[in-house]
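This is the structure I want to talk about, given as structure tokens.
Labels run A, B and C following the written order; every chain starts at residue 1.
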Amino acid sequence: MTALFNRLVEAARIAWVSFKLYTVSDIIRGKSGIISLAGISLWLILIILPVSLFANPQIGLGRVAAFIFGGILVFNVYSVATWDWAWEIRKLINYNVLEHLIASGKSPLMVYLGLIPVSLIWLLMIIILGYGVVNVFVAQPEIVISDLKLLILAFTLLIIVVLSYALVLASTILISGTSGAIVEIFSWVLPLATGGFIPLSLMPESLRTLALLTPFSYPAELLRKALNIYEPILPTNTMFIIGYIYGLAFLTFSITLFKLGIRKTLKEGLKTLSAW
Amino acid sequence: MLKRFISLVRAEYMFVAAEIIRRKTILFALILWPYIIMAFIVLLGSSMGTMSYFQQKTGANPILFFITGSFLLIVSLIFFDEISSRFWYDEFIGTLPYIMIAPTSKTMLALAMGFPRLIINILVGLSSLIPVYFILKSFPGLVEALIVIALSIFSALTFSTLAIIFSSLVLISGGGWRVLSIIRPLIMLISGVLYPRFLLPLTIKFFTIIFPLANSVEAIQLFLVQEGLTAYSLMLLGLATALALLYAPVSIRSLRIWEHRILIKGAKT
Amino acid sequence: MRYAVEAVRIVKKYVTKKRKGFFKSETEVVEALKGISFKIRYGEVVGLLGPNGAGKTTTIKIVSTLLLPDSGKVFVDGVEAFKNLSYVREKIGIMLTVEKGFFPKLTGRENLIYFGTLYGLERKLLEKRVNYLLDLLELKELGGSDKLYEEFSLGMKARLAFARALLKDPPIILLDEPTLGLDPVSARKIRRIVKDLAHKEGKAVLYTTHNMFEAEIVCDRILLINKGVIVSEGTPEELKNKIPKLKVIRAVLHGGNMEKLSKLISSSLNLKPEIKIVERGLEVKLAIKNPEEILNDLLKIFNLANVDVVSLNIEEPSLEDVFIYFAKGVIE
């Protein structure tokens, strides 16, 4: 019991140290994280903006804008997971930090815990950026926070799910030594196929089933509900319960996989990653 | 001089080939990329409305429009990407000093850096545009696709001089990929590759006139809508060429300034 | 006579920002070179010998036209370097680090071909030259020609970097600590070739190192550099004749006052001691030709100053010591 407690304290300490480290090195000195995320967010906007051209001219532009903004919101969370969290491993490898971490017997997972609050601050900034661009290029999005409690819970679930996703990606980097292309393709295809942008009710039947089979669809649907953008496909309560159970299971799986990845690097040594 | 340039392109090709061919996933991704972006936009669009609304608003078939747009997205940034990221990467891995002392014009080298990618991207153009154009328009589509590929390469070339200027600015600012990551999508946003220029807010639209890429891209999009080159689109292409020539001396100068900066600071080893 | 390299009163200052806390920073000026001058003839290996931070790399970079000096002039093969960049760059081959500076995803051969093309070598000639160099440095035997650079051992990396410096077959070769951290076999190989290049092919070589032993066996002439100043120069023989005459007395004392000791020693022995605080007390260092002669007096002084002698040794001077005493004018 005390051993477990000690481990938790230790973990909290590493997380706190990492948080301070990231705050200093990334936000105050480097600004690199926020800038790269803003860049990715701009790409996203670039690709999502033309979607508005497909809308029925009869529908108010405000609705169209709300729809687009909802998509940008979910996607931004995904980018944080793929680019910020999954790539953190790449950075740790390139700066030769990972080996030291492993050697010191600390789990790199704790580093992640410290990274999350920093990323959330960035996330807020790029969401505001997205809102601004949609405002200028399309119209002011018509969104209302219809249920604050649901919004917070849905957002938390989304974070849990994408954090797990990031760990899975990080594990593939560890295990395969490559990443770029795989991360890129999946980070775009996945949200599309799983309802990150399109409400499940609007999806073709087969895709809908596929989407419900992934943990990603649940928080997205709940988020859209909370912002009054679109009604979820199942009753809110059902979505909520399945979503949380599924999300936590995914998290457990991803942590296991990550540990496996670390063990593999211990066995085979770290590979130098390519420039692209 | 031409011989020298070709040998530089060959050397650069080795570098690109090593990266791309040794990591086949990159080649795979490159070929898939235009399809993914096109499918992404068209699918999202269709869930939000219909293709005919798009045609109504822009005059173009959305599938053709976006497969072309995504191809342009890749091709247009070649020079900018290669030059700024390669010189930056050289600084990062410590090859820069050895490149600096080469008695070769850095502008020539910069241009040479873009060419191997450009050639590889012709392949990407063939693999992405040809099938789609052929399915939608049968044989006349083949010719059209070839013309669009040629125009896209031309368009990328007209952007090369301004790209050198941008790259030098990025390199001089020392911001590395941070500045890059903001500037790249911004260039694409204002050049109207995916979101046509005529829809941009007026002030931005006005600004894009001095931007070769925005003009040549509009000419290509008009080619899609009107299925031919009109006097207006020829004028746009001419404008892009003139701008490219106008920026050429500035581009040489800007790379020199960057070189000089490194001389003062000392190339990192 | 036309010198391969002639440096005239080169000054270089670096301005850096020092971080103080999160937001504050202050600028700091480091004077890396304080007006150094030297000449290198064709056919000789000139060593630039000095401790870390002495200004060796800065010198190499300036001579290789990679860094602008604040003042002073560099002539390479008789022409002013920064006014004839491309002429000078044709003439020099450089090696700046042992372990970096190649593309990790290219093989050793591909890397050489790439840089050779950049250096303007014609294709056929280049391939011949690359083959020759891969052979010369035994990179072929080590598997380095077709292995990716990232898989190289340090020794192979150094050999490849050295091969690149020779690609153009340049008459002037500038090498910055080319054997730093290398295995003895690779280091010996590089030293051997350097000597041959100068003595058999008449090339001029500038060779920096912080290893006295190495400078002695490789170089025909040595420039001793410390804190941006060339403090002495000569053949290894000449320098050795200056150095062995010196011994260092190192005493560690308990109690006592630094200033008082310093005054006492300089007034009664007419010597400038180096005194610093160490873990066990005060360390007093004295450089002198015949330490036995003053030992008695010194002990008396310690007695007078009321300090306990923890330890006292007479030692051969380390390189650092030699520099310190050169700088103080104890020698010469």
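By our rule, contacts are C-beta pairs under 8 Å (C-beta built on N, C-alpha and C of every residue); 3 or more make two chains touch, one makes a residue touch a chain.
Since the model is a prediction, treat every value here as computed from it, not as a measurement.
Between the chain pairs A-B and B-C, more C-beta pairs are in contact across A-B. Here the chain at the heart of the shown protein, by mean C-alpha position, is B. Spacing of chain A relative to chain C, judged by their CA centroids, is 51 angstrom. Each chain gets a centre from the mean of its Cα atoms; for chain A and chain B, those two points are 29 Å apart.
As a whole-number value, the distance joining the C-alpha centres of chain B and chain C reads 46 Å.
Across the assembly, chain A contributes 274-275 as residues in contact with two or more other chains.
Counting only residues that touch two or more partner chains, chain C has 104-105.
Across the assembly, chain B contributes 19 as residues in contact with two or more other chains.
Contacts from chain C toward chain B in the complex involve residues 14, 57-58, 61, 64-68, 85-86, 89-90, 92, 94, 96-97, 100-106, 110, 113-115, 117-120, 122-123, 164, 176. The part of chain B that touches chain C in the complex is made up of residues 4, 7-8, 10-11, 14-15, 18-19, 22, 93-95, 97-104, 109, 260, 262-267, 269.
Listing the residues of chain A that touch chain B in their complex gives 31-32, 35-36, 38-40, 42-43, 45-57, 59, 64, 67, 71, 136-137, 178, 180-182, 184-185, 188-189, 192, 197-198, 202-203, 274-276. Taken in their complex, chain B has these residues touching chain A: 19, 23, 25-26, 28-29, 32, 36-37, 40-41, 43-51, 53-54, 56-58, 62, 66, 69, 89, 177-182, 184-186, 188-189, 194-195, 199-201.
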